[in-house]
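Two complexes, one shared chain (chain A), two partners (chain B, chain C).
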Partner chain A sequence: MTREIAVVAFAQTDHRRTSDELSEVEMLMPVLHAVLDQTGLKTADIGFTCSGSSDYLAGRAFSFTLALDGVGAWPPISESHVEMDGAWALYEAWTKLLTGDADTALVYSYGKSSPGSVRDVLTRQLDPYYVAPLWPDSVALAALQAQALIDAGDTDEPALAAVAARSRTDATTNSHAQLRGSVPQGDYLVRPLRTGDCPPIGDGAAAVILAAGERARDLCERPAWIRGIDHRIEAHGLGVRDLTDSPSTRLAAERAGAFERPVDTAELHAPFTSQEVVLRKALRLDDSVRVNPSGGALAANPVMAAGLLRIGEAAARIHRGESDRALAHATSGPCLQQNLVAVLEGDPR
Partner chain B sequence: MPQVLKAPLAVEFPFTRSLGPVQSAFLTGLRERVLLGVKTVDGRVLVPPVEYDPVTADEIRDLVEVAGTGTVTTWAWNHEPRRGQPLDTPFAWVLVRLDGADTALLHALDVPGPDAVRTGMRVRVRWAEERTGAITDIACFEPYDGEPEQPAGHSGEFEDAITGIVAAARLDYTYSPGRAQSAYIHALSDRRMVGERCPSCRKVYVPPRGACPTCGVATSEQVEVGPRGTVTTFCIVNIKAKNLDIEVPYVYAHIALDGADLALHARIGGIPYDQVRMGLRVEPVWTDGSRFPDHYRPTGEVDAEYDTYKELL
Partner chain C sequence: MSKEPVAVVGVGQTKHVAARRDVSIAGLVREAARRALDDAELSWADIDAVVIGKAPDFFEGVMMPELYLADALGAVGKPMLRVHTAGSVGGSTALVAANLVAARVHGTVLTLAFEKQSESNAMWGLSLPIPFQQPLLAGAGGFFAPHVRAYMRRTGAPDTVGSLVAYKDRRNALKNPYAHLHEHDITLEKVQASPMLWDPIRYSETCPSSDGACAMVLTDRAGAARAPRPPAWMHGGAMRSEPTLFAGKDAVSPQAGKDCAADVYRQAGIADPRRDIDAVEMYVPFSWYEPMWLENLGFADEGEGWKLTEAGVTELDGDLPVNMSGGVLSTNPIGASGMIRFAEAALQVRGLAGEHQVEGARRVLGHAYGGGSQFFSMWLVGSQPPAS
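On to the complex of A and B.
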């Protein structure tokens, strides 16, 4: 790798159960303006723009092109979109900066789950021949994984409840979070998962700016350098995988250099408590690592933005001097099917 | 702020999907109450079978019949079945490894309650009465305490093998158009056209979407435009649309309302289709009870000069 690339700015909306007074672009614009303001950049100064979203969430065809209105995309800008979490948009932007074609990139993502039923919407990403016709919702699939972990002796219901409680307690210091403080563990939603084991459903958006080399130092006092980033996927058949493990996370982490030196912080995209158990194992995180100080996806889970939020939160801690080396993880698909790992570092203080 | 507008929106379509040879054999097999797996390069048997080896990506075609009995490898209790799911009474989601297979199949298990399920329990397929060649030909699984069934060694060749499936999908939403479009729609109910002006470049957008696509800033200043406007460009429609009671040919046009910097589009009526022209001056025609103009008709004014609308084409 010949070019150093860093996250130099991060912004997010407040994540709320509904935002029906706002269209996607109306929800998104304030965070776009916030990251531009942090760096003093204007749209015209940005070399590459990449976004992540899914039209299925709100049932609005081509909503991602309408969202571009908020960027100011005329005269035409260099731009791309992924129908994935914004963490993968960031990955595309990172590769674009590596090529030297651009020195700065704006990455954003948004999700409005409130207009639809996200548990059902997410069934449409499944194998259309053998799985989608059964409409297994996202909580049901996570529950199958949780039971496999319990059967394997990797966790139990009290341990899962402790993950939920720790996450929402940590979120009390995160004003953007949707679920904060004392949240009852509740009844079973799909056993063994209780409502407390599941993420809140809500709307939100996030944006970051990437910059290369000296440009990053100009734009940010303490850039969060991306030392490595990689993403890997597993077989799509749920019954082919060992649901208690995440070899794709482990491989992505290896390729991102996560195991070369310990990290002090990890922002994990684990929408369900049981998935944090899998990720901690795959990433070999011990108790010395601060996991999800933001509260993680259990505190705010705007689908399509929750992974980018992990990278943004990890970078923001480096910006503020609260972390020197952080791991950020994003996931996509059922039961942690696809995983992205980034390692971020600040300059020595 | 006016009240937030909401309306139900159903997105529904049948996905027509073609099948590869392995998928075709598996789904045709279900129709015939035969369960097939496929052998991977390293000799494992995958059920449900796939076209390519998940590890090596080799094309795999070696079909093997497996039993209709098997073992639960994990489960989850679904006390509140949702639309489209295999059973409408509470059931367990299960991954089942059929006897003779090395991987597990996702389906439903029909048992009275969560205390009747455990990992490792033995189950067998309950076939649907009517089978078409789909994963739903397995109605569900049921508890089973007999001997493993012995597969008959089916070749995987069938008469009338299916080559595709039609998978219906429906998602229901509550649509809300957001701040700017809500204001536009509210004004329409008073038969007024209200756009929004960009604070930076001063352009007026109708209908407004809340942001200026050139400047990337929020629009908020409301500006009443029209009702008259100019046809900037048009086309002649010769295809009759389904469920639309309009005689063809008719004209569909871009119309720049007076005071707007963006053309909207609408049908032109009240004039023979072959007399519509660029620059034609038009006005909206409202019908009783309608929430937007039914069409636009000529005002009788002199045509607009090309220079007055050339930026709005």
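On to the complex of A and C.
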């Protein structure tokens, strides 16, 4: 019998273009307090802590150690860190809870894109010998993918504009979102992608609390049970991938049990409109599924936290009784190279 | 639900050197992974997931390099996790991989850690000036030297103890073909006459900068039953963290290290570590950390650690051998250094440590630490499966 594990609390910052006046720790602290307050837990009550962040955004080595000071790791805590989006920190915490070594976990992630040029920074993720020296930026690579989709007949520019408009309209009810309401599609940033097809650049943080079994029911009226979670990576070389498809997302979804029964909600980590097209196809989502009611990454995309935000948003809808079975997705790397899928369910009402 | 027992059935390392100019980063990691698979007599297809770790991305200048390394590590179509917990990362990475097996998420996992220090300069990678923050003072040596001085003052240990550790570890390295430094003409006098770098730490009492990778294949009970060579069984594993600086922090013997060891001993049923553990691979980047960790890990009472070193207890043929492989003092691909400790502990209980094998080693501790003496990861491995 596998342990049942649930997301029992979720908190996030108001995501903003810049948070010059705040250090990463100062940005994170209110979110940690908020998520702990929801459950009444204190740092000392948490069995395991895991975070996700990137030194390259912070511009310094071991940047996560400062965040740890903010958590308050005294007396010493059982703690780990992934140099990945917080969704993968949640995955590590989930395995820790599965072993029975801990009953509760605090997961957080944060990123400040404002101090640098994030398009340039992300080029440092690419093959350092053959690709990174050419500095192809994240928008240019996404544009390659978008053009491949248009060429394959999977989408067109008006359809992409509709994704952008729907996301920002939905974001009007999300007070944390950075880009809301009527946003012009704008000029081409890198053809065929217009500014409206691209995510806002911004700073933000997210945190969730996981709990196992009865502990979850004690801490949350309607826990969002993680029925399955899996992640898969694809080849790094864009030339060996079919950019119009996402086999890693499909495989992760299969392993997470996403296709066993339909979901009513999907929070997809698609920073570019065109990537929602790829993900909808890979996940076989039809129009009956509510996609990105939060506005998704097109409304707020704090790098390193945007994936954890998707899991948090999906879980929060279950907590509020607005969803019974939701899919959450996170991505990392150029053109959706690495993908994580979680399936969350609430108890029957 | 009880945890699935975790076994180490494959260990692979590169020959650690100052600069592997003959291979790319991908080539380096693949070499270690291939050797771990060969040891386990498995192929890439037998691996369910890959867990990779390394120290700061600035050390090579590649952001989240696991994305680029997916192909080289046969991870395409599989889960790939990237751990980063400062200097303890090699140990933490192995523990995250072990949890995947223990939780029965996967049956067989490849775990790997690396650093290719020749791609940049780690000391300055650690010393980027950050506004409003205390500078790290030219790398790790400048940070740790005052803590060593505090230990000496607190315990009254004679000045020579550090050189004894360095002399021992560098001689042990001569028996380890994968060790970076092979100083065939080493003498105690040469160690003691080497230039002072960060008082009281001399040049020969500090770790080198290495290019290297270390990999292990971890598997479940069924996988261990199929293994061609004796497995090492995990009896306990834990991580602990505490803040970098705070009023009352004991930088000489941090509480997080004590708590981490206590957790591992509890899991493994170790009542008296000095009696129940046969050998230790501990993270000693500066010679004095051997006596300091002997106390922190409970092998000696407070203030007594240096006496074990001085009496030769930690020599390869001593009563409690420490760093049989030559340790971090002889080999330091930073992100991999913790995993090398864990892997060397496994080699010892498997009886596969070659010339630096401790006769009859049944239970061996692997230890790593990082940050400002604040991140700890440890595991205890045994030649027999855990009791429960």
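Everything below uses one rule, namely that the second predicted complex is superposed on the first by the 348 of 349 C-alpha atoms of A that agree within 3 Å, B and C clash if a C-alpha of one lies under 4 Å from a C-alpha of the other, contacts with A are read in each partner's own complex, and residues count from 1 in each chain.
Criterion: a contact is a pair of C-beta atoms (placed from the backbone, for glycine too) under 8 Å apart; a residue touches a chain by one contact, two chains touch by 3 or more.
As the structure is a prediction and not an experimental result, all values here were calculated from the model.
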| item | value |
| --- | --- |
| Touching partner for A:Asp286 - first (chain B), second (chain C), both, neither | neither |
| Which superposed partner A:Ser54 touches (first chain B, second chain C, both, neither) | second |
| Touched partner set for A:Trp74, first chain B, second chain C, both or neither | both |
| First (chain B), second (chain C), both or neither touched by A:Pro115 | first |
| Contacts of A:Gln147 with chain B and chain C, given as first, second, both or neither | first |
| Contacts of A:Gln125 with chain B and chain C, given as first, second, both or neither | second |
| Touched partner set for A:Val82, first chain B, second chain C, both or neither | second |
| Shared chain A surface residues [contacts with chain B and with chain C] | 56, 59-60, 66, 68-69, 72-74, 121, 124, 128-129, 132, 235, 237 |
| Chain A contact footprint on chain C (complex, rising order) | 1-3, 24-25, 55-71, 75-86, 92, 96, 99-100, 102-105, 125-126, 128, 130, 238-246, 254-256, 259-260, 263, 371-372, 374-375 |
| Chain C contact footprint on chain A (complex, rising order) | 1-3, 49, 54-56, 59-62, 64-66, 68-69, 72-84, 88, 91-92, 95-96, 98-101, 121-122, 124-129, 132, 230-237, 247-248, 251, 332-334, 337-338 |
| Touching residues (chain side chain A, partner chain B) in the complex | 20-26, 29, 32-33, 43, 56, 58-60, 66, 68-74, 115-117, 119-121, 123-124, 128-137, 140-141, 143-148, 151, 188, 190-193, 235, 237-240, 243 |
| Chain B - residues contacting chain A, complex | 1, 4, 6, 9, 11, 15, 17, 19, 23, 27, 46-48, 50, 54-55, 73-79, 82-86, 93, 95, 97, 103-108, 114, 119, 134-136, 165, 167, 169, 171-182, 209-218 |
